[in-house]
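The first chain written gets the first letter, and so on, giving A, B and C; residue counts start at 1 in each chain.
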Amino acid sequence: MNIHESAEVTREEFKKNTQHKRLKSLTNIGLVAPALSIYLTFSLWPLLNTFRLSLYQTTDSGDRKWVGINQYIELFGNPIWSDQFFNALTNNLQFFGIHVVVQNSIALFLAGLLALVSSRASTFYRGIFFIPTLISVVVVGFVWQLILSPIWGITPNLFDSLGLDHLFAPWLGLESSALITVGLISVWQNVGLPLLLFYSALIAIPQELIEASRLDGLGKWACFWRIKIPLILPTIGVVNILTFIGNFTLSFDLIYAIQGGLAGPSFSTDVMSTFLFRTFFGFQTQLGDHGMGATIATCTFLLILFVVGMYLLLIQRRLRIH
Amino acid sequence: MFRLPNLSVHFFLAVYAVIALLPFGIIVLNSFKTRSGIFGDPLSLPDPTTLSTAGYQTLFASTDFVLYIGNSTIITSVSLLFIIGLGACAAYGLLESKTTLSKWTWLLIIVGIMIPLRLGTVGLLELMKGLNLLNSLIGLICIYVAQGLPLAVFIYTEVFRRFPKELIASARMDGLGPAKTLFFIVMPLTRPTTATIAIFSLVPVWNDLWFPLIIAPDPNVRTLTLGVQQFIGQFTVDWQAVLAALSIAMAPAFAIYALISRNFIRNLSAGSIKG
Amino acid sequence: MFLTMNKIHKKILTIFLLTHALSDASIASDAEKQVAYDRPVVLTLESWRSEDAKIWNNEILPVFEALHPGIDVVFSPTKPTEYNAALNARLDGNTAGDLISCRPFDNSLELFHRGHLLDITQIDGMKHFSDVAKSAWSTDDGDATFCIPVASVLHGFFYNKNIFSKLDIDKPSTEAEFFDVLKKLDKASGLTPLAIGTKDQWEAATVGLNLVGPQYWEGENGRLGLINGSKAFTDPQFVEAFSVLERWRPYLSRGYQAQSYSDSQSLFLLERAAIYPGGSWEISGFQSEAEFPIGVFRAPVKSEGESCYISDHTDIGIAINSRTAHRNEAMLFAEWLTTQSFANLLTNKLPGFFALSDHPVTVDNPLAQEFLGLRTDCMSTIRLASQILSRGQPSLGNALWTLSAEVLNGTKSPLEAALDSQNIIEGQRK
């Protein structure tokens, strides 16, 4: 083969390669495009639009009027709004605290136990623990309302028979205990997901490490604390972040189902998502306010962005090094 | 020495299993009692004097329960299908692409994990109005797919990245293009991952109260969650019907659990997610 | 590769078609309703009264349909707490019904201002309604009316006649007598005097404050005084209303803070409580469930001989959706709502709901008759915060829910509650 002929061959191959590459990129675009378009249309755009809408106010006749950052000034400057905002924020942080301390601890503990039993038993238990999560939040709310109801008598009778009658109180109706009670109900329902995540992480730990620790004389409990948990710290971090985001957005469903739109008693169970709903949708005699609702939504988003950003920058880095 | 530790482990697990299931048991138990049986002694089993199925009869005579279950099932299953399908495609395509643009696109999508879709509700309401998708199953499906894609793409990219390159190379040599490789080689071998994504995506869709309440409150397209809330309000004093309704509302969840656990959870161990 | 794409495409396409078909199916079922006879026009009537669906669909609407073959009307309710929000969403998306049940005052006024409701001032039958009746569904200046006033409800105390006669108790007339009765009931073991809780909050304001309050703020005198600014919530008569409410506390059941609306109803129906503060809307439910005779007494006056006031709440109106495709048929229905025949039908089929038109109506239900008797004896007044006072942020109506519940819970004093209310009113005036 002379130089020209081999050059021809190379040119042919080059053309084929380029064609092949183009086909490949087209395929790749084809693979990515549907997901990207749905995501942009129904997730990114509405969010950006909500931010935009926070700069407008709705008038009586339904039109929109540009007000710039007035609504933000209102939200933080006017006590009528700022009191509600900071009440909701504080409650939400307490709600999150309950979830981190109770829910994620229980999930971690149960996951640890599950890692010790046979695969069959583990599957069996995991299924059971996951059932509350699958049940509709309205059902969960109602069921627990009935169980805790002072009228229906299950909990009062139970406490009575244990001689603890004086400890019983209408927890869902008292400002001092309503938020914690709703928080615990939420924990009861949502243990399943963190449990699955922790469990997957635990069983991904190489057996050799565990056996090595056993040879070193560590019991199961010590092994759990000193070997397993440190190895799954990144997972714990991710779970906590997801819990944070969930508590600030998904908590609405349960609280609305149990305590109603006014998040009583005396707004003690009002969190950011219920505050948002009540503001932009209205409630009873209170008319909805889309502009202010968008403002609250934007603030919540910025808060989440800030916290997650901080976490990724400060903690996740340290954990990776660890 | 070996048995005792195992017993205590099982003890704790069993205790929590009871805590998880007892509330439901109480509801189902009492749904078969008369009103005086319900209020007189809630914790007892129904006996001949208190046994009654009146609640269930009222229920089936007067509600659209089957419709609500159907709506929820359609919305959830179709959403799951698209989340998994489109998510896997996008993850694979982005990995194959290796350009800077694809890296930034990947980042854009991943950011979505932290964007709670609900915060965009005001904008979503406008969008749905404009697209004429208010009160439609399709509208809800689009929202849930958009909501579930980021996590799906994230998990799939992690898993595909670690997929044995030899298998992909041999598929390439057999003449399979990227799409075929994805569907015939990669997906079947990453079933546990798909199962995980299915479970994580299923729950927020099935239980959602927010979007059906705001975007699709119409009776025709009502989901189970919204429907249950609705008719609890309808039968305020008819305790038997309320308890029967709650019991039935729980049934699909148990069915889903049975379905999923048999097919997928068994395989959910092969290191599908690493921290 | 393209073959594979086609297979997958096919699957996706099939699913898309399936879901389309399913949503079409729901439209088709509506269309099915139209296939009966000569394809009658179907009007949908939105409402929050889910409990009344059967009666409307089976007993009231068929009367209209018989008069106008060719028009079918379907009663389509939504849960009360979501009605306002869901209706607004439907109106925005143009999927709302042709006929819309109107909440009184500002909720519907806003809908009218946004152009969702037709102006029906000119309908001939409107002459049968008093200005008070129309006030809930007209613009502030009274020039335009946008809902046909349909029904009002009256507030009162339901009581268990058996328990009263067993304990030899008479219906109380004055405040002192009322609390004596409560004390007597309290002594009876296993019995709760008053069936009311604060978990759902609205009862404390609606059948708590607005039930006993009017006696102290003198009905319309007090209400209009608040509106025009000549009276303040911190005036003694309003504070006293809160104080009387606070005195109910020892007579409520244990754990009442977590007692919901349906809990209260159950307590009364299971005869575990003797008195139920409520309104005439409870009549059908109570009568079908209770196994004992029920009576009604009015809110007690402060002292013997004073005139009594009764909360006569313009509760339900019906409007025409401005974007309905069947304006003529909807108009016919609206006309029918102003007739004597409808007034009779409503008042008797839905005992406890009283037609707002001035047609004379005979009431069959004994409990409803007792309520009407109260209306004759006492002066009617509208719920305190319903008109104008609930505008702005926060709405006084909603705030009164929280405040009244707090007073009943003992977490706020009557004076504090009155102060908060007055601050809200003054905040609106700025």
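Everything that follows uses one rule, which is that a contact is a pair of C-beta atoms (placed from the backbone, for glycine too) under 8 Å apart; a residue touches a chain by one contact, two chains touch by 3 or more.
Since the structure is predicted, the reported quantities are computational estimates derived from the model, not experimental observations.
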Counting C-beta pairs in contact, which comes out ahead: A-B or A-C? A-B
Work out the mean Cα position per chain and let me know which chain is farthest from chain B. C
Averaging over Cα atoms per chain, report the distance between chain A and chain C in Å. 37
Indicate the whole-number Å distance between the mean C-alpha point of chain A and the mean C-alpha point of chain B. 15
Which residue numbers or ranges of chain A touch two or more of the other chains? 27, 30, 152, 281
Going through chain B residue by residue, note those that touch at least 2 other chains and give them in order. 39, 177, 179, 214, 229
Got the chain C residues that touch at least 2 other chains? 1, 5, 81, 85, 266
Touching chain A in the complex: which residues of chain C? 1, 5, 81, 84-85, 88, 105-107, 110, 113-115, 197-202, 253-260, 263, 266-267, 385-386, 390, 393-398, 401-402, 405-406, 409, 411, 427
In their shared complex, at which residues does chain C touch chain B? 1, 4-5, 8, 12, 15, 19-20, 22-23, 26, 29, 50-51, 54, 76, 78-82, 85-86, 89-90, 92-93, 95, 261-262, 265-266, 269-270, 285, 289
Residues of chain B defined as touching chain A within the complex: 5-6, 9-10, 12-13, 16-17, 19-21, 23-24, 26-27, 38-39, 42-43, 82, 86-87, 89-90, 92-94, 96-97, 102, 105, 108-109, 112, 114-124, 126-127, 142-143, 145-147, 149-150, 153, 177-179, 182, 196, 199-200, 203-204, 206-210, 214, 224-225, 228-229, 232, 242, 246, 249-250, 253-254, 256-257, 261, 265-266, 268-269, 271-275
Across the complex, what residues on chain B touch chain C? 35-36, 39, 62, 74, 78, 81, 85, 125, 128-129, 132, 134-138, 141, 176-177, 179-180, 183, 213-215, 217-221, 229-231, 233-234, 236-237, 239
Taking the touch rule as given, give the residues of chain A at its contact with chain C in the complex, in rising order. 27, 30, 60-62, 80-81, 145, 148-152, 156, 168-175, 259-262, 264-267, 281-289
